[in-house]
Amino acid sequence: MQTHDSPQLKAEARDFNFFYGQAQALKKINMPIYDKKVTALIGPSGCGKSTYLRSFNRMHDLYPGNRYEGEIRFYPDNTNLLSPEVDPIEVRMRVGMVFQKPNPFPKTIYENVAYGLRVRGENNKRVLDEKVENALRGAAIWEEVKDRLQDLAPNLSGGQQQRLCIARALATDPELLLFDEPTSALDPIATGAIEELVHELKKRVTILIVTHNMQQAARVSDYTAYMYLGEMVEFGKTDEIFIKPKDKRTEDYITGRMG
Amino acid sequence: MQPMTTEQIRALIARGKLKDTLFQAIGILCLGIGLLVIFLLVGDMLMRGMERLNIEFFTEFASRRASQSGILSAWVGTLLVMLVTAAAAVPLGVAAGIYLEEYAKRNWVTDIIEINITNLAAVPSIVYGLLALGIFVYTFGFGQSILSAGLTLALLILPIVIVATREAIRSIPAMIREGSMAVGATRWQTCRYHIIPYAMPGILTGVIIGLARAIGETAPIITIGALTFIAFLPPAPFAPTGMDGATAGMFDWVMSPFTVMPIQIFNWTSRPDPAFEVNAAAAGFVLMGMVLSMNAVAIWLRYRMRKNIKW
Amino acid sequence: MNHTMSAKSASDLHQVSDRLAHNALRNVNERLIELVLFAAAAVSVLTTVGIVYVLVSESIHFFQNVSIVDFLTDNQWTPLFDDAHYGIMVLISGTLVSSGVALAVAIPMGTIIAIYLSEFANPKVREVAKPVLELLGGIPTIVFGYFALLIVTPLLQKIFPELPGFSLLSAGLVMGIMIVPYIASLSEDAMRAVPMSMREGSYAMGATKLYTAIHVVVPAAVSGLAASYILGISRAVGETMILAVAAGMQPNLTWNPMEPAATITSYIVQVALGDLPHGSIGYQTIFAAGLTLLLITLVFNIIGQWLRRRYREAY
């Protein structure tokens, strides 16, 4: 399906299956993720899009009984993220994540952003100051919080909290950033700000975003994958998927006949 | 900061995981210490007290001679005090719990009662002893009797019974209540025929835990001045008392002086003669047996309840 | 009594009025029951009122004979001697030292167990460990006293040969073990109430379990932890029998845990064991001591409430 302007691969799922205990949640997924692009995962609830997203940073390893099969290749080093030999912590150091509901830690704004750096053993104040500021600027929240970095993060508004969580993820320069319905708990104005930010961020990082909102997918993404009942139904450039879907199921979903 | 190399990151993760493992080991060790204390305690008391653990130990009164001393008056006293405690704490606690869950309106009176129950749980038990000394023993004139002791311990475990009742009631879904009210039952009929029966296992668990706590309480009972050397039993109902053919009344025993298991143990541990340590060990083992089996019943009940939830 | 049919004609009217009368009776009944239930709930308030009344009224008699300044500053406590001194600091020192030893054991141990159970242990271990902890917490304190005097003290004497037969150290250590289950159980509840999304946020940053526990879960549960520590302090300060058995009962103004000393509680026990006449100054001392104890517990609980409000969970 590659065309003339074929971008570089950042990651690629190959025959990826996932099981919650006995139940198979994802079936034979094959899908590329292109470097410095935004890829959106859409589909009705329960289709497995969040499950798929959470496999990229091995979140499922936190709970017993979950099982991966197949591969998610990560480039440029061609590591299989799902390999039992690969430590999930190592994966998470390279892949950042922003959650559905803002989940700032019960710490100051500054310490929230510095968290990942401290996890990596960085304690030099100058380095921390600089990286925290960069991350907050990157998440377009620096101007709002620069005078109150020592305030507790949970006191921020919902939209600010979510941008703080993005800054927290950005601070460690992840290679891939996962967004799990990042705007579902936010009002339209805050949602707009996050969408703008996602657009801005793809200059520096590859983004994979789950959304239940098709307009959002159309606005922010370069590529879109439509998932249904644990299967990858269709993947392609966002314009093509939305204008000329190849699969009947995709078309039904996009035109609102289902879901 | 230079970007970290893969080796550096792996070393960092290895260090972190080592700390995780070390912490787990410490955690298991701490739990182990708790377990060890229980084993050590029970084992030591059993070994030391073994020679005294025979029938006579339960059928003899305390004596000045260690080897002839028994716990007859102590276990009978404990039983009777628990009877009074249960008779007072269960109706009061259950009624209070029902009131707070089913009747009370949200107002300042209710708030005061609730804050009060929380705070009472933090009041040292010996303070209850002082309350009883001032009120039950002297003001009400109950003296240093089984009644005074039973009521004191009842007040002490009241918060436990109330909290257990409330939790049990709260776990009953609203539809049961609504279903009963919808067919015209009054509030009390709903409580009487639906709420109380369904909440019973939870209430029972709370009562047992409360009594297990009360049975081991020593300080408040010493404070009201319970005697430590008692070589008689409280009068049984209608037992002949004297030579003129008079008999004891049904409830004469509640006003009798008494001793209880923990006080008997305290008495024996504070004797300089080490021969009494053997008695203390044996009595301690018996008391532990009572408390542990009560707790075991409560844990078992709770376990069964969790399995049998029907809604 | 069946009132299910409706009044179809005028002749049924008396039935209706019967039913109304019945309803009125039923209402009176309901009111009465509510009143009885309310009275039961009020008993707990009466208990508090009773405690305050007894302690304060007897203490007022006491302070008519002893000045508060002497009570707080005298460095001897000899109320039953001819040359009577009433320096409560003597008893407070014993109480604080033994509680300090106990908390130095119970807070770290209880917190570690709580973190282990909530963040590391698999559910099966937790299912077993919690009831075992409850059993440990249910052991009568007199039995713990026996344990301190006859098992722990001899063990400690092997390490510190100069340790006397009665000591605050030995009693305090055992008191600590007794308090561990309370702190562990309440802290574990508080930590398990921290939402999973918070932990996921930390793990997603590449943090380990321990790092997540210390830097995210503990701070998020801090108000619950504080509450459990406060309960632990209340238990330690109010504990009686372990001290009466294993710490000796002679008043001793000391900050050294290696020494024997009386505490507020063990003094009350000692007096109650004797035969003091009702109304004598000696009798009143135990109420003054009890009031002091209650005030100390109250102060810690107020601090606890304040901490809770200050660090209310933000999730």
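For reference, chains read A, B and C in written order, and residue numbers begin at 1 within each chain.
One rule holds in what follows: a residue touches a chain if its C-beta (ideal position, glycine included) is under 8 Å from a C-beta of that chain, and two chains touch if they have at least 3 such contacts.
None of these values were measured; they are calculated from a predicted model.
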Centroid-based (C-alpha) most distant chain relative to subunit A: B
Chain nearest the overall C-alpha centroid of the shown protein atoms: C
Whole-Å gap between the CA centroids of subunit B and subunit C: 14
Rounded Å distance, subunit A centre to subunit C centre (Cα mean): 48
Where subunit A and subunit B are represented by their mean Cα positions, the distance between them in whole Å: 54
Subunit B residues counted as touching two or more neighbouring chains: 13, 16-17
For subunit A, residues contacting two or more additional chains: 89-90, 93, 120
Shared interface positions of subunit C, touching two or more other chains: 207-208, 211
Of all residues in subunit C, those that touch subunit B in their complex: 26, 29-30, 33-34, 36-38, 40-45, 47-48, 50-51, 53-55, 57-58, 109, 112-113, 115-117, 120-121, 129, 131-136, 138-143, 145-147, 149-151, 177, 180-181, 207-211, 230-231, 234, 237-241, 244-245, 265, 268-269, 272-273, 278, 286-287, 290, 293-294, 297, 301
Subunit A partner contacts - residues on subunit B that touch it in the complex: 1, 3-4, 9-10, 12-13, 16-17
Partner subunit C, residues of subunit B touching it in the complex: 13, 16-17, 19-20, 23-24, 26-28, 30-31, 33-35, 37-38, 40-41, 44-45, 48, 91-93, 95-96, 98-100, 103-104, 112-113, 116-117, 119-120, 122-131, 133-135, 138, 155, 158-159, 162, 186-188, 209, 212-213, 215-219, 222-225, 228, 262, 265-266, 269-270, 277, 280-281, 284, 287-288, 291-292, 295-296, 299
Residue ranges of subunit A in contact with subunit B within the complex: 87, 89-90, 93, 117, 120-122, 124, 127, 131, 173
Subunit A residues touching subunit C - in the complex, by the definition given at the top: 57, 59, 62, 64, 89-90, 92-93, 96-97, 99, 101, 103-107, 115-116, 118-120, 152, 154-155, 165, 168-169, 172
